[in-house]
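Heads up, the next two complexes both have chain A, just with different partners, chain B and then chain C.
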Partner chain A sequence: MKNTSLKLLSATLLIAATSFAQSANEIAKKVHDLPNGKTSSSTISITLIDKNGKTRGREIASYTMKDGTTDKTVLVFKTPRDVAGISYLSYDYPDKADGSTVDSDSWIYLPAMKKVRRVSGSSKDDDFQGTDFTYDDLGNRNLSKDNFAILGEEKVNGADCWILEAKAKDSKAKISRRVSWVDKKTFVTYKGEYYDKQNRLQKTLICENIKQIKGYWSTQKMTMTNVQTNHKTVYEVKDLKYDEKVNESFFTVSALEREQIK
Partner chain B sequence: MKVTAINHFFGKVGRVQVRFRWVILAVFFIITSICCSGLTQFAFYLGDEGWFGGSDEITINKQKYEEVFGNLNGVGVLVVKQGDGDLFSEDMLKMIDRLGNRLRDEIPFADRLTSIIEVDIPVGNEEGFEVKKPFKDGIPSDSEGLAKARELVMRGSEQTNALINSLVSDNGRESWIMLSLLPFEGEQLKEKFEGDKDEVTLAIGYKLMEIIESEEFQSAEYKLYGSGVPYEDAKEERYDIPEYANCVMLGFVVMLIFLAIFLRNIFGVIVPAVATLGAIASVLGAMSYFGVKADSTLITLPIVLGMALAVGYSVHYFNMFKLFFRRTGKRKESVIMCVEECGWSVMFTVITTMASFVSFLFVDMRPLSWMGKTAALIVLAIYVYVSVLIPILLSFGKDTTPDTANEQGATKLDMKFSAWAGFIQKKRWPIIIISLLVLAAFIPGIFKITARVDYDAISGDKMPYVQKQKEMLDAKLGNRYSYSVMIQFDDEGAFKDPKNMQALIDFEKFLGTLSLTKWSGGKARVSSITSILKEMNSALNEGKEEFYKVPDDEYVLAQLMELSSIEMRQDFNDFMDEEFKITTLSVDMSRYATEEARDNVAAIQAKLAELFPKAQSSMLGDMIQYAEMSNRTVFGGIKSIGFSFIIIAMMLILAFASIRTGLIGMIPNIAPVILVGGVMGYMDYALDFGTVTVMPMILGIAVDDTIHLTTHLKSGLEKYGSYSVAMESCFREIGKSMFLTTLILCAMFMVYLFSPMRFLFIVGVLIIIGLSGALLADYTITPALLHAVKPFGKERSKNEA
Partner chain C sequence: MKHNISKIALLCGLATVTSTFAQETVFSGNLSTQAGVGLPNTHHNKGDFLLGQTTFDGTIKSYLDEAMVYVNAQIVHDALGSLSTNGSSAFIADDGTYALKLREAYIDWKGEMLALRVGRQIVSWGKADDIQITDVLNPRDETNVVASDYNESKLGIDAVRLSLLTEKTQVDAYWIPFFTPSILPHAKGNPLHTQVFPEEIDGIEISYPEKYDDYKLPEKRLSKSELALRASAYTSVADLSLYGFYGWDDVPLMKYNPNVVFDDGEDMPATSYSIDVTGEYKRMYMIGADAAIPAGDFVFRLEGAFFPKRHFQTDANSQLFKYPSETGPESLKKNQALGLAGLDWTPSGGWTITAQYVADRVFDYDSDLERKKFEHQATLSIEKSILNETLTIMASGALDLWDFSTASELELDYKLTDAITLSLIGDLYLEGPDGKDGLYGEYRDFSSVTFKGKMAF
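Up next, the complex of A and B:
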């Protein structure tokens, strides 16, 4: 009798745990798969704020397009004066079936040197353009890299959110744990916390100005604060347009060289 | 000043002490308990941090630096391969990887790790450039993979590869594992360290020690050497503080032995011992209660001195009590008479000793002002505890029958002292001349005194970690001291101007020419933003060596800097602020030498003024800190000697109500100071924060015997009318006790001679020389001078007497 009760209890717990895990994974997948258009264009305004409150701004013109399974991106610096014209082109490829990543192809153009140089070797956990964001923070991190769990539920700015935890499987990952507050209805992230290898809070993310543009949920202002260094980056997306025709030739090395993209 | 009136007052005090003894004991018990409760908050200032106050320029510069560039301090481990081969074997690389991971994962406030495993290498090729991680796919186990990784890390030469002879030696046998630290602030500081940044530093240092000393990293294949301020501070606490504790314990044992010898009863040992401990614990407890941190290096001085003086005061009170108790047999009356007799004379010596320590309060150095304050308070507390508790505790017990047989009478030794006084008077001029010649011989030595305040110089060779330190310094990459120079323009983007960048390059080259700059192979260990710019420029130009330079075209330079700040933000921000107007250079030093450091600092300041006339610049770190510390030690020493000289002279003048007598009284007290100064110069005992305390201290203690001598001579003169008779009587009465008090003090400070800490040993030697010199002066030049000068007026004729 005792044995049967124990078995029953274990089975119940196992089912509960499994369904919980499944639902965490499902939420993570829905967040990951949020649609964002075939093409987009915008102006990205980046403001770096140091611990003393000094600010430094950069403006970047951004163009993206999906070419089959390849995501192509062109970034052109507009300000400040000394970086104006520096352009990046990158081709990001989908991960392999086993979950391993495929290195992206990137090029940089420096107007002062009149040269396009191929850049390789940078990793997704590197800083995005010298900000407090990493490429992973702004892009779609591969789901196979993390174990997901739901830590609870909470309201953020009036929206009912799941508190979703993503623990990195790689013990050497710079960020060991990400906690995001995900809107139960839209699966858009409202805020986030990032923990370092020692499980100390390293960065906090606040998402604002979340709107539907052409049916795509878009976050137009993100503030990432490194609480360990008190450095902050405000990332704002302006003039965001989806699914409008963009010049495909923008996404070529020769377009960079000709300084064709403005 | 009428001594009888003062004694009468102390007699009243004695009466009150006896009458209200239980109340006084209760009050003392309560006060002591409250003060001692503060000991739970007792903490040390470690390292050199405690040297500079919050408003000090060095502290302000450090704060400025940390606001821009983050934590100035980091920790590192130097790995040195032993036996054959180099570090690029599978086992060695795995060890470096494991060690790096443990540092990053376990050390509080860990930020970025840099090692040959964790390094980004921008490599240029015909197409562009690639940021390579030599061990991105793990550490290879095949020789081909290992050779490839080695080739990547060690590519080019030290002139074209920033890593060679900086992160890794050119023979591949030495390498640094460096961990930068986050600013000590935020939740972690509050929650884990209760907001105490010193605790963070210590925790980091101890964790580093724990990791490199763990079983996992013990091997004959390599040696590990820890480095960084937190590591040094933890070492100081681990090795030095037990040494200080040993000194205090040994001092306490010596104190008990002396009390047992002189007082020869258990009560006479326990009561002064308890009073001494109570006084010292109360002062340290009360100071801790008010948040005053103790200075670890100087903590023993006030304690050992306090114990020595406690023995002296106790012996004084006990002997005086015994004298009256033998005469009268009445305990309480004897106690009152004892207080009446001893109260003023002991108190006056207390005041002069305190005055010499108060002189340190005028010195702009926190450890010395702490020591002065603490020593003065301990001396006062010892006096209060001994003069209040001993008479009260002596008042308990039965009366006895008077012993008139032993009431008076001098011993053989007393008579010899008396005869010595006669001899001195006869030979007073030869003695004065010989004394002056001896002192003159010591004067040139004073001008040879140098200052050495760096940690290694004061620790000496006998400390267990010093040999390891030396081994590290002998290594190609090993270094112990470093400093940084921060250059700040007002205008944004100032360093994008090729002229300013060229000035920075010239300044970097100049730093390499300084005598104290460490060189590894053919490379000066100067780090700056230029190495990042050179690497980036070369990488953007197909990796060609001829482009391993900072571009001089304004547009190219500006864009390269912007690009570097984007692509290598963290490395870039270690050396340049986000507005490109503040930069820093860091320099590793081969060794520390005071005079050279002062010269180097002066040369750097002149060069900065020449190259960057429109910028503000500041220096931080070991070189400027030690140079400043040695300057302050020298000037502080002069100041405190000057102050104590003036204060004590004024007190003597007041005490004798005569400027002439007061100043004459000072002469024999300068003698031991000259003696100590001469010995320091001739023996190359440099001024440091220990030795700088010796001269004012000697002045304060030596003056006690001069006061006794002069007072006795004066009263003898009033009694006998003749200087000769008065002097002989004076020596008969106090010659022996002067010897005994000096013996007690010397024996107490002799505990320093057993310390492996070099500076404590030297302090011990100098105090013993100084006190012995003072006694010698009081046996020779003082009576000779008093007899020659006759400060108390003419002798009376025999008839008058």
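Up next, the complex of A and C:
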């Protein structure tokens, strides 16, 4: 009888743990699948601030388009002038049915070389153009790369948030753990913490200027601070437009090579 | 009358406003200055300035609906007087100290599936880095080996490019009416001049062509045009291209003509012996293909080209002394095949590593040729950006696998601000272990260290 009770207790705990995990996965999926329009265009302004307060700026024209299940993105550097014209095209594909990831197709155009280069589409944990953001931080990190858990609940800027933990399955990942404060109503991230391989806090993220544009929740300012180096990056999205006609030919390799994307 | 003037002014104003809205013009440019000095192992060049240039580079892009005008020009001051021209790419001062270069100037239009580019343009073919396999459309400025850049050395060609575009394919057809030759180091102030055009060898005086039009250039006729075709496809599995070219080799073939003077009659010993060199450009054909195949953190690159019946330079000795009654031919026609296998690796952490193997074979080889039957080399390049991409370290090298001569370069680029980059570049050329020149040993006296400052605006 005692044995049966223990078994029952264990089963109950297991069911509770499983349902909690599912809930975390569901939240992560809702964050991942937040709608962002069939097309979008914007100007991205990036400010890098070093520990002495010295700033450097970058401006990038961004265009995105959904083509079936493929997310197509074109980025064109406008400033600084020495990298102006460098363009990046990527096709991102959804995970396979078995949960495994599919590498993106990526190309970069370098005006100095007058050439489009095929680039590796697998490495997403590198810093994005010298900023404190990685490609994964700015893109839609594949859900299959992490194990999710809910660490608790907390109010951020008046919004009730889940505290969602994403632990990298890859033990060699540069960021071992991401903790996000996710609005329970909108599933928009309000802030985040990023932990290095040794599980030490490495970066903090603050999201501001969160608005609905054409019905899509949009974060227009993100500040990522590397607390280990005191380097900071402010990432702002300007002139954000959804579901407006964008030139579909922009999302081709030949458009990159012709330098026709403004 | 006043009323009419007002109307015209209003219409002009409206027209201006309309065109202002429809048209977008962007100007960008940079100013760079660099000085390079010979390293202690460069014999007579030790401590000499081998490079001293200040360049203003300006680009205008003007977009009007689906069309674009693109102009890129440079004003160059060269402290060594090392600049020369090919007659079309640059206007050069007589002493080689100033140049006005029109690198590109074209009109580009794109329709639904067709696109047209007309004017001077630079085209990059192939998947190789800094090595010419199929990349034969543009000639190069070959007047400098110090801190030189393969891509910057390319010269625009005057061409019409008609393209057929779909989402994943592209076919480009080129008509190049006017031949543009490479620029050779004819300026007396150019450190390469005496190496490429020595005034004497073993006491024998040699007179070379002194400027571009001393060579026998193709006539400016429709029948002398160049034609080219590229077809490319971009897929998840691989990027693939096919190439065809019918044109001219960009470098002239040299004919060594003995000039024997008999002051006292031909049955007496010659009183002077010199060599007059003339040069001529020859037809060239090429078919080629390439592929870039992504695989995880890697991209594999393959490229191959076949040049049927290409003219190859014969060496001076065989031309002058092999045939008793007349001089030998300046070139022999042989088939040539070039192939490249390369690998790009971008592990995390801001590293970029590329490696290439290149093989070059002449079939039905003749020992009169100036080059070897088979040449092959390996290249390696490692690049790492640190300090939030303010400092970039690049190390690259090429190893000639036949004679083991090497070319290596170490470059440090530091971003003083977003606009200003300071660079320190070291170039080292070494002959093979047995003193064999191989592919790079002949440049050993151009090993150098260069300081460069550049501001983009």
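By our rule, the second predicted complex is superposed on the first by the 249 of 262 C-alpha atoms of A that agree within 3 Å, B and C clash if a C-alpha of one lies under 4 Å from a C-alpha of the other, contacts with A are read in each partner's own complex, and residues count from 1 in each chain.
Keep this in mind: contacts are C-beta pairs under 8 Å (C-beta built on N, C-alpha and C of every residue); 3 or more make two chains touch, one makes a residue touch a chain.
Just so we're clear, the structure is a prediction, and the values are computed from it rather than from any experiment.
Once chain A is used to superpose the two complexes, chain B occupies space that clashes with chain C.
In the superposition on chain A, A:Leu48 contacts both chain B and chain C. Of the two partner chains placed around the shared chain by superposition, chain B and chain C are both touched by A:Lys115.
Once the two complexes are laid over each other on the shared chain, residue contacts for A:Thr186 go to neither chain B nor chain C. Of the two partner chains placed by the overlay, only chain B lies in contact with A:Lys197; chain C stays clear of it. Contacts of A:Asp82 after superposition: both chain B and chain C are touched. When the two structures are aligned on the shared chain, A:Asp105 is found in touch with chain C, with no touch to chain B. Once the two complexes are overlaid on the shared chain, A:Gln260 sits against chain C while remaining clear of chain B.
Of the two partner chains placed around the shared chain by superposition, neither chain B nor chain C is touched by A:Gln220. In the superposition on chain A, A:Arg56 makes contact with both chain B and chain C.
Put simply, of the chain C stretches 310-318, 346-354, 364-372 or 436-444, the part that bumps into chain B is 346-354.
Residues 48, 50, 56, 80, 82, 107, 112-113, 115, 117-122, 127, 129-131 of chain A are contacted both by chain B in one complex and by chain C in the other.
Residues 67, 70, 101, 104-106, 110-111, 127-133, 182-183, 185-188, 493, 496, 540-541, 553, 555-556, 558-563, 565-567, 569-570, 578-579 of chain B touch chain A in their complex. Chain C makes touch with chain A in their complex at residues 24, 28-30, 61, 63, 68, 70, 108, 110, 115, 117, 122-124, 151-152, 154, 163, 165, 167-168, 170, 232, 234, 236, 239, 292, 294, 296-299, 344-350, 385, 388-390, 415, 417-419, 421, 454, 456-457. Chain A contributes residues 48, 50-52, 54, 56, 80, 82-83, 86, 107-108, 110-113, 115-122, 127, 129-131, 172, 197-198, 200-201, 227-230 to its touches with chain B in the complex. Every residue of chain A that touches chain C in the complex is listed here, in rising order: 48, 50, 56-58, 79-82, 84-85, 91, 103, 105-107, 112-115, 117-123, 125-127, 129-132, 174, 231, 249, 252-254, 257-260, 262.
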